[in-house]
Amino acid sequence: MNAKKVSANVVAVFIAAFFAFPTYWMVTTALKPKKDLLSSDFDLIPSSVTNSNFVTAWTKPGFLQSLGNSLLVSLSAVVAALVIGLLAALALSRMRFRGRKGFVMLMLVAQMAPFEALLIPMFLMMRDLGLYQQLSSLILIYFAVTLPFCAWTLRGFVNGIPIELEEAAMVDGCGRWGAFRRVTLPLLGPGLVATSVFAFITAWNEFLFAKVMVRAEDKETLPVWLSGFQSAFGTDWGGAMAASALFTVPVLVFFLIVQRKMVTGVTAGAVKG
Amino acid sequence: MKGWRGLAVGAAALAVTVAGCGTSPSGTTAAESSGPKTLTVWLMDGSAPTTLTDALNKEFQDSNKDVTVKYEVQKWGGIQEKLTTALTSDTPPDVIELGNTQTPKFASEGTLLDLTGDAANLNGSEWLGGLKDSLTWENKQFGLPFYASNRTVLYRTDLFEAAGITAAPTSNDEWLAAIEKLKTANASNPDFQALYLPGQSWYTLLSFIWDQGGDVAKKDGDKFVGSLDSAQAKAGVDFYKKLVDASGTKAPKDTDEAKPQQMEVFGTGNVAMMIGLPWELGGAVKANPDLEKKTSAFPIPSKTAGKAAPVFLGGSNLAIPAGSKNVDLAKSYLKLLSSKKYQDQLGAAGTVPGTSKDTASLASNPVGKALAASSANGKVTPATPKWAAVEAGQNPLKDMLTAYLTGAKSLDQATGDANTALTALLGG
Amino acid sequence: MTAVETTDAAVPVRTSSPAPRRAVAGGARRRRGSAFDRLLPYLLLAPAVIGILWLIGFPVVSVVVTSFRKLDLGELVRGEVKWVGLDNYTKVLSDPRFWEITVRTVVFTAVVVATSVVVGLVIALLMRQLSTPIRILLQVCMLLAWAMPIIASTTVYQWIFDQQYGILNKILVKLGFDYAGHSWFSTGTATLSVIGLLIVWQAIPFLAFSLYAGVIGVPADLYEAAGIDGATAWQTFRAVTWPELKPLLMMVTFLSLLWDFKVFTQIWVFKEGGPSGGSTTLPVLQYLEGISQSHFGVAAAVSVLMVVILTLLTVSYLRKLLQTQEGKL
């Protein structure tokens, strides 16, 4: 058993390295001085490092502002999509009622729409609602785009949790919602992690709609701000990479928070066994 | 099933409403009311220096009480989408800057205000010819020129000296000879490139095609058709290949000058010449301060000795969206911007002024001098709204160059295929 | 029968189910809260359905309607409505490139989806065997890959594969292969391979995380039982893991298919659908007709066709979904 674990761990480290390589490249580029960016030398490890790119990124006007905007928009959309999606998932998974298949199909079909194709109609809709140029238009759009996915995916995860567990809890005296809260929700933890991280990243990295819907500079989200490194005078790649690296930190934080609060899956075996 | 039926009825109702309401025109043009007004001005990133715009906005606000200028610098990324949506909103900006290759598209669709009657007021006689063509549609002017810039050959004076080249080349033959001299003098440096020329620098290709007397497209009735298959165009493409082969450039044949950024390659110090815009030189020096006093520029040579090849005038026009609510204010803003005072500042900043023929301020440094010398011979891409699609989509000129340079297609085949694609794009 | 659903066919396997079903308790509950119970599902679904119909339904219907109009920039700005019937569709379907592009899109999607799902599954199974710090390391590395902004990831990949300055060519040269100045983007297939690698790299994390969530949900006693019976790893996988995981696996494969089919930005940023249109897929075509050439009516037709093709591709999954008695898959 031990040898198996060791070899599994070794393989995992290699896989982790493969995934981390481009991130590594992004960070080392951010650390390289400008003139080392294009070098014929073998530059797997940077020959010299500087923090000037990070300083440029950090001090570039709008960083904190757009960070705040992105956080506001992404978190709002994610929370809304998760909560409403979970409610829908419960209904679709646990309950039997007329028209259920229709609703299931609706969740499915809603995900087939090509996102970019909806740009003009959604713009016109927001304009007519008077939300054009407001951040709330982005919240609504990201909510709309991640909701079917959340509902659908959470339904899949809820399906995977045996109903007997809930019923056992109810027999033991919990109400239906008590059973849900104490039994199903913790088991749903890992599923909620995957779903919420997906929704968050989708909103966090979205560029096209953010660019079009919001015009004012103080309402920019991070991806739009990031594109500002590409100026008419060429792109400051060192700065852009540094900014991108800074950009990923909140996502990492979000994941770690969500991961710690929700993963009680280790106990899943105990509960189910 | 009940669920489906309800959905179907709802969808039908939606369709009816959407067809009607979703595309309402961009607001009624109310009469301009009195009281404090805001003039929204969108200029593009990197166009006018901040000193200019600060002074301009201040002067305008000082001479127009109750008016605030809301000045926003727009980034080029995603601007097509942003302009499309902004112009269809109820509150479009009052003054916008459009790339000259984009202007015909917006002009022809009725999104811009006709300024023909105001041309005299806006220094009409001094307008840069090439830019004026780009904003003319059906004999009416839908904007005014802002500024232009064009490519020159940026080179390393120290490397030229070391190779024994005493004067900048003024003809294609001299140019090729200079390349040979540079190669010999730097044979020991494996990373050296006499001329860095990526495969898809199609703006540079335009110079060669025009120099030979050809063009990429010509007017046929009221449409444009490609003319890449003419003998002159082929000669231009062939000269491009001559340069690439003669210089032995290591630049990739399947990208343009932005990937990797040519100024950064120049900044490594191993490149003697590149064909680029003035700011690229600035960027190279910024990346490598050692190059500070060792650079200069000469106009792209022509096949005829002593002349400069025609160059593509990359530049911008200024326009007023048709839905603007502050038309008179916008016009007086533009009048101020097009006055000699500010046009001279544009020249000093290193670009060719759009509404002033006086390029003295530009010629204060060697690069500016080369710029001014070639801009007199400046041309633009076909002034058809369809051209915007060529630049925003898959550019047949780029594919043609790559195919020919890599040997994938013969000259006739490459130009022929590109011509068919181009004609389709311009006609469609 | 109560309004609460029973689970899938795996039930009989769970011999150690803790609570016997007691009809009495269920019956009592039904009598007490029946009206609320009947309404409850609809109440729970209402916010989601309203959100979807309003925010997605409207625009989607609008796109379908637009596909029957001539909508270029002028018509859009002036708010003109010009019906052209099936002209847009005819234009798209009669273009010889369309079929080439469709085949390319389908093949590309299939390869990318298969690779991501298989590798994601393998990683998910692997994660179960890891010691916690290593598992977290792997999860963090995958998360960083997943979260990298597209502008950064596409650029980094282009640099890595750059002809002259790319680290990949440099490494290959160091290892003795003659790859100096080798271009990875000389054909459409080569270009799509690199782009495919990028997409797979960014897609696997979600799949791995989700499948891992499913994997740890498999009751430990099932594995014990298999262990007692002396099953090998592969047999255990087939008998225990696979049936448990299959619904989730089908679902994430389906989702991957939808997303990978619609991928646009990465393909565009790399080579704008080149060289010579060699890496153009349906989403790229939609962009070319739409934002690029401002033929929004034609672009809408392309979108509708894309959805039709997607439906055809997933029809077997959709049909199975609707056929199973409780619509559960």
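When the chains are written out, they are named A, B and C in that same order, and each has its own residue count from 1.
As a working rule, contacts are C-beta pairs under 8 Å (C-beta built on N, C-alpha and C of every residue); 3 or more make two chains touch, one makes a residue touch a chain.
The shown structure was predicted, so the numbers you read here are calculated from the model rather than taken from an experiment.
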Task: Chain at maximum distance from chain C, centres defined as averaged CA atoms - done: B
Task: Between the pairs A-C and A-B, the one where more C-beta pairs touch - done: A-C
TODO: Report, in whole Å, the distance between the mean C-alpha point of chain B and the mean C-alpha point of chain C.
DONE: 39
Open item on the list: As a quick test, compute the distance in whole Å between the mean CA positions of chain A and chain C.
Closed with: 15
Task: Distance between the centres, which are taken as Cα means, of chain B and chain A, whole angstrom - done: 38
Task: Junction residues of chain B - those touching two or more other chains - done: 18, 22-24, 81, 88, 260
Task: Per-residue overlap in chain C, given as positions that touch at least 2 other chains - done: 53, 57-58, 62, 76, 159, 164-165, 291
Task: Residues within chain A bordering two or more other chains - done: 38-40, 100-101, 103, 106, 119-121, 124-125, 207, 227, 237
Open item on the list: Give the list of chain A residues in touch with chain B in this complex.
Closed with: 34-35, 37-40, 98-103, 106, 119-121, 123-125, 127-128, 132, 207-208, 211-213, 215-217, 227-228, 230-235, 237
Open item on the list: Could you list, by residue number, the parts of chain A that touch chain C in their complex?
Closed with: 4-5, 8-9, 11-13, 15-17, 19-20, 22-23, 25-26, 29, 38-40, 42-44, 84-85, 87-88, 90-97, 100-101, 103-108, 110-122, 124-125, 140-141, 143-145, 147-149, 151-153, 156-157, 159-164, 167-168, 170-171, 187, 190-191, 193-194, 197-198, 201, 204-205, 207, 222-223, 226-227, 237, 240-241, 244, 247-248, 251-252, 255, 259, 265-266, 268-269, 272-273
Task: Residues of chain B touching chain A in the complex - done: 1-4, 7, 18, 21-24, 44-47, 72, 75-78, 81-82, 85-86, 88-90, 191, 258, 260-261, 263-265, 267-268, 279-280, 282-283, 286-288
Open item on the list: Going by the contact rule set out above, which residues of chain C touch chain B in the complex?
Closed with: 53, 57-58, 61-62, 64-65, 72-74, 76-81, 158-159, 162-165, 181, 183, 185-186, 271-277, 280, 288, 291-295
Open item on the list: Under the stated contact criterion, what part of chain B meets chain C in this complex?
Closed with: 10-11, 14-15, 18-19, 22-26, 80-81, 84, 87-88, 105-106, 108-111, 250-254, 259-260, 322, 386, 389, 392-395, 398-399, 402-403, 406, 425, 428
